[in-house]
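A, B, C and D are the chain letters, set down in written order, and residue numbers restart from 1 in every chain.
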Amino acid sequence: MEASTEHAIARLTELYRLMARIRAFEEVALAAHAAGELPGYLHPSIGQEAVAAGVCSVLRRDDRITSTHRGHGHALAKGAAVRGMMRELFGRAGGVCRGKGGSMHIADFSVGMLGANGVVAGGIPIAVGAAQGLRLLGCDAIVACFFGDGAINRGPFLEGLNWAALYRLPVLFVCEDNAVAAFTAACSVTAGPGAVARAESCGVAAESVDGNDVEAVAEAAARLVARVRRGDGPHLLHARTYRLLGHTSTDQAAWRDPAEVAAAKGRDPIARARQRLLAAGVAETVLDAILAEARAEMEAARADALAAPWPDAAEAWEDVQDIGAETMEQA
Amino acid sequence: MDAALAPPPAAVEPITLVEATRRAVAQEMRRDASVWVLGEDVARGGIFGQYRGLIEEFGPERIVSTPISEATIMGAGLGAALVGTRPIIEMRIFDFALCAMDELVNQIAKIRYMFGGQAKPAVVIRAPHGLWRSSAAQHSQSLETWFAHLPGVVVAVPATPADAAGLLVAAIRSDDPVLFFDPKALFAATGPVPSAIDPLPFGVARHEQWGDDLTLVCWSSIVPDCVRAAEALARDGVGVDLIDLRTLWPWDEAAVLASAARTRRLLVVHEAVRAGGFGGEILARVVERLGPGALKAARRLGAPRLPVPFSPPLEDAMRVTEAKILAAAKSLLAA
Amino acid sequence: MEASTEHAIARLTELYRLMARIRAFEEVALAAHAAGELPGYLHPSIGQEAVAAGVCSVLRRDDRITSTHRGHGHALAKGAAVRGMMRELFGRAGGVCRGKGGSMHIADFSVGMLGANGVVAGGIPIAVGAAQGLRLLGCDAIVACFFGDGAINRGPFLEGLNWAALYRLPVLFVCEDNAVAAFTAACSVTAGPGAVARAESCGVAAESVDGNDVEAVAEAAARLVARVRRGDGPHLLHARTYRLLGHTSTDQAAWRDPAEVAAAKGRDPIARARQRLLAAGVAETVLDAILAEARAEMEAARADALAAPWPDAAEAWEDVQDIGAETMEQA
Amino acid sequence: MDAALAPPPAAVEPITLVEATRRAVAQEMRRDASVWVLGEDVARGGIFGQYRGLIEEFGPERIVSTPISEATIMGAGLGAALVGTRPIIEMRIFDFALCAMDELVNQIAKIRYMFGGQAKPAVVIRAPHGLWRSSAAQHSQSLETWFAHLPGVVVAVPATPADAAGLLVAAIRSDDPVLFFDPKALFAATGPVPSAIDPLPFGVARHEQWGDDLTLVCWSSIVPDCVRAAEALARDGVGVDLIDLRTLWPWDEAAVLASAARTRRLLVVHEAVRAGGFGGEILARVVERLGPGALKAARRLGAPRLPVPFSPPLEDAMRVTEAKILAAAKSLLAA
């Protein structure tokens, strides 16, 4: 076996592991949600793991990302701590955001994950500003900015892309096109040819990729990140994927065309990576072990979160602001 | 009305608040072909079911599911009003209206005035607001006070199915822009609603309960908590004059002044942050009108000045509750 | 002389008159401002008259327009009453907006002029909604939506174009590209190829025109309006023009390159129309009379405004809202 | 400080408020290379000259003229703060911040909290506000109350060159997001400003004048009118305790309570609309803290609930003036 092939297999195996961990994290979290163990609701990204994994696998630790309401995968792929994330979803002490954010506001600044966002397209202006700040500080880190196909119909998409192109900022925009925005087919609310054309019209070079092919995503991202880092200005990667589940943990997505969903399941990014690894001679047992480990890691995180204490009520009064913060006694 | 002369009440099944608003919209859309709805996912009924089934009856030209473009949802609603239609602008949840504040504040609220009366911005802006099951900081805000402070708009903050339905009908028929704050936490609350929904007047409070010892003023999601607190106080022999304002602009100053003059003790309760909240306006107005000497005690109860946290114990810590209302009432009664 | 030529000359003469009236209106208003006769400040459109005149000349009275902070020309071209407008600029009784709006908020709903706007791009969502409302009412009127080159960098531009294309609304977007946004060269804040490409990327057909050639503008607008009216969906007309004066009446625009301004003066749309009319045999005296009449009309309006009473203080409390309006006595 | 020990005051030429803020920005940009400015037309000095000449000294990477993209000006400022810079976000005039309210309200104000303290949104948002020479409804608003009601932000409302400079320096150095409301109408007002500008603490009011008969609380553009009214009252022998709050959040509750307890008469004056304005908060707080019995009279003076009209006589009719302040003070003194 050639070294380069070996390397490619090792790399794909790692991507497989990362995708498996993302999926296991969400499956376990969904089970916990269904069991009433965690408050609120979740936005699962099951079926879209290849985008998060492929893009983040080519980033440096000091690169930054901004994410969406559907951000578990981005956070995990950027290296956020699993237990801290799971505790956050459970609203427990030790959550990465001290229980104040929950699923929709996952962030881990220690690994450059600048936060999920409850507002569609909310991360775009933040991402371009982060890139501008990094340049001002003389740092060659870049920013990857994730958003959905629904976000390209909000004003900040235009503003942010124009801005990034104007100042030639080191941003990789990643449009995660899962064919749907909440409960509405994306094509029914988006006119014109889509994200790539819109980006180019604002001076941002753009290309599309099969977002369910993790190797293709990683390859394209690596190429674009290299350009972005060397100062060629922002680029956009449009990744076509599919959201296999409903909009939130409480949406059974009964309104979706079952044939469409079934077809999409046939393009499952994890299954595809697995097929490729099997074809390349990796043993089924190795791959099964990866799945089992991922599952075990996440079940352990669930058990940890469930056993963790609730945050102290007084903590609600912390992290508001330095000046002019009210105290619990005032309440 | 003399009870003896009143027609026998129609047997009305209690329905949920969300269903009450759905019926109000349907009734008005049948009555007036210029009424229509625009917002995300409204064709599938809205995320709370406020528009369930309306697409079948009224079609996609009047139940318009839109792109995620809040600024344009808001601004297009205005434009459509300017040519004579009556749009219901659905914001999904209030917090997203913050993506459309130029359109709401600089355009909708001012256009009639700036143009010397030429424009008729007859829009209803529906904005489900407030705390709702660990939705965290960006999906839980109560900023109704902002709009009471904003010239040019009417602000409705109903708390019961009947009030929501009646105020929504009035809002749709009004030529003024109406901010209609659906109380998210009460969407599932039930109550009787007449089958033909009459418009409710804006600026007329509802007396939930009469009493002589304490005036309690409230609105929106917190009303049921206030009712429970008042019932608890009643068991202790304390008579609470419980006023649900129902609309914040205009607000029923006369009802509050009359009550406060009588009880001499005023408590204003709102789910929104206390600092800078509308409770301050009410308290200040009562003091200005009656003079400080007319009161024995007055205070407000609202949320501490914190973003809304996700974790239930944190959310509970900052939430206004029946227990806190009781404690505040007792401290007032002791003064 | 052929009938068609005669007709073309008559038409160009009318456009010449309209442009002359717009220019005279603004020159007189600027003189009044300099003389301290009118409060606030003005945004002159001198040099850009061909866009307003050309587009509005092909609209019906029941068509609607939305305008910008630089809206005198649009209002006049749509048929707004001169005296009512001038009184509005002066803040006097009888102003078209009762003195409440001033220059930046000129509106005349009686002729379909839905208002100037103090917010850049503020008219775009309003225009698309007006078009949607008109269709709902079964009316075949269309909406022309004017905005500057600066507005294409604000979010509502993207949102509004996508929206109009999605619903195939009867809107003609008119980008008045005067090469400058306030005090900043437009090209220095706009990335990519510009308005036409951005429109096309949102599914809106678009074309450019020499915005200082009033016949070319009118021809293009007529073509596009016909398409818009017959249901072909929104179109965008990108009119390249030049703002000859400063951003506002108090800006001397000393920062502009004098050579650039001089060159632009050579392309003055009124002078160009005049050259063409002279070449077609129209007598100089006829054209001079048109200028003199325009001037006289506007000077009369100025005199009328100056003589008009101020609005009564109590009027400040009117036109706020029906329900919950405060009264003057409450103050 | 003991006057005898104080260094002799440096001879300071009075400068305008706009120049004072320009010097504050320049001083901080020299001190800290991570401070920068973004906004429309700032490279040419800003539309009021707040940044005049700074492009020459600091270059286009730190004085960044931007597209007309308020949402992104605001949001990019936040993003740049998250990686450790200190942006000054210039909004040109406050009203345009309404195009960026998601970024301000949902993101900047909440990000530190939502992320459990990980984010440091160290931005200054400069928003010249208020009435200014017939600028009409979309260019004249005073909505500072909104932000006092918004958890997560500091609100500065200076009225003098020295206060503007000192608060701006403090704002730039603060890790909190600061809404800095430049008083448009006072940009040309002059006053002494030290050549080395020290940060002023937030939440500490300035006593413009001491007196025992009436507490007058105010801030921002209206302060000079209040000073003139107080001087007129002094000529009638009435001692006004005149308090310029300087910051609205935090606000100097202690100073107001102490004064009101002493004078027993409270007048709060603001240019903003009275209904729902911050005057209500102050009055309510004083009543809650001191008890209604501690006061003889209390009231607020603010604008009527109208959009701002263009025509001077209309603008004057709704504007808070020295005469109206005097009349309000006299009615209070008579109570």
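Here are some notes:
In the analysis below, contacts are C-beta pairs under 8 Å (C-beta built on N, C-alpha and C of every residue); 3 or more make two chains touch, one makes a residue touch a chain.
These numbers come from a predicted model, not from an experiment.
Counted by residue number, the contact pairs of B-C are over half the same as those of A-D, the matching pair from C-D, A-D or A-B. Summarising the inter-chain layout, the chain whose CA centre lies farthest from the centre of chain D is A.
For chain pairs A-B and A-D, the one joined by more C-beta pairs in contact is A-D. If you average the CA atoms of chain B and of chain D, the two centres end up 31 Å from each other. Centre to centre, using the average C-alpha position, chain A and chain C are separated by 46 Å. Chain centres here are Cα averages; for chain A and chain B they lie 37 Å apart. With each centre defined as the average position of its C-alpha atoms, the distance from chain A to chain D rounds to 40 Å.
Among the residues of chain C, those in touch with two or more other chains are 95, 97, 99-101, 105, 117-119, 153-156, 159, 162, 166, 189-190, 320. Contact with two or more other chains is made by residues 66-67, 69, 71, 95-96, 99, 102, 106, 113-114, 136-138, 151-152, 249, 275, 305-307, 309 of chain B. Taken pairwise by the contact criterion, the protein chains are fully connected, each one touching every other. Within the complex formed with chain B, the chain A residues making contact are 39-41, 91-92, 95, 97, 99-102, 104-105, 117-121, 150-151, 153-155, 181-184, 188-190, 255, 310-317, 320, 325-326, 328, 330-331. Residues of chain A touching chain C in their complex: 153-159, 161-163, 165-166, 189-193, 197-198, 200-204. Chain B makes touch with chain D in their complex at residues 95-96, 98-99, 101-102, 105-106, 109-110, 113-114, 136-138, 141, 143, 145-146, 148-152, 249, 272-273, 275-285, 287-288, 291-300, 305-307, 309, 335.
Those residues of chain D that touch chain A in the complex are listed here as 34, 36, 61-62, 64, 66-67, 69, 71-72, 74-85, 87, 102-103, 106-107, 111-119, 151-154, 174-177, 202-203, 249-250. If you check the complex, the residues on chain A that touch chain D are 64, 66, 95-101, 105, 107-110, 114-115, 117-119, 122, 124-137, 139, 143, 155-156, 159-160, 162-163, 166-167, 318-324.
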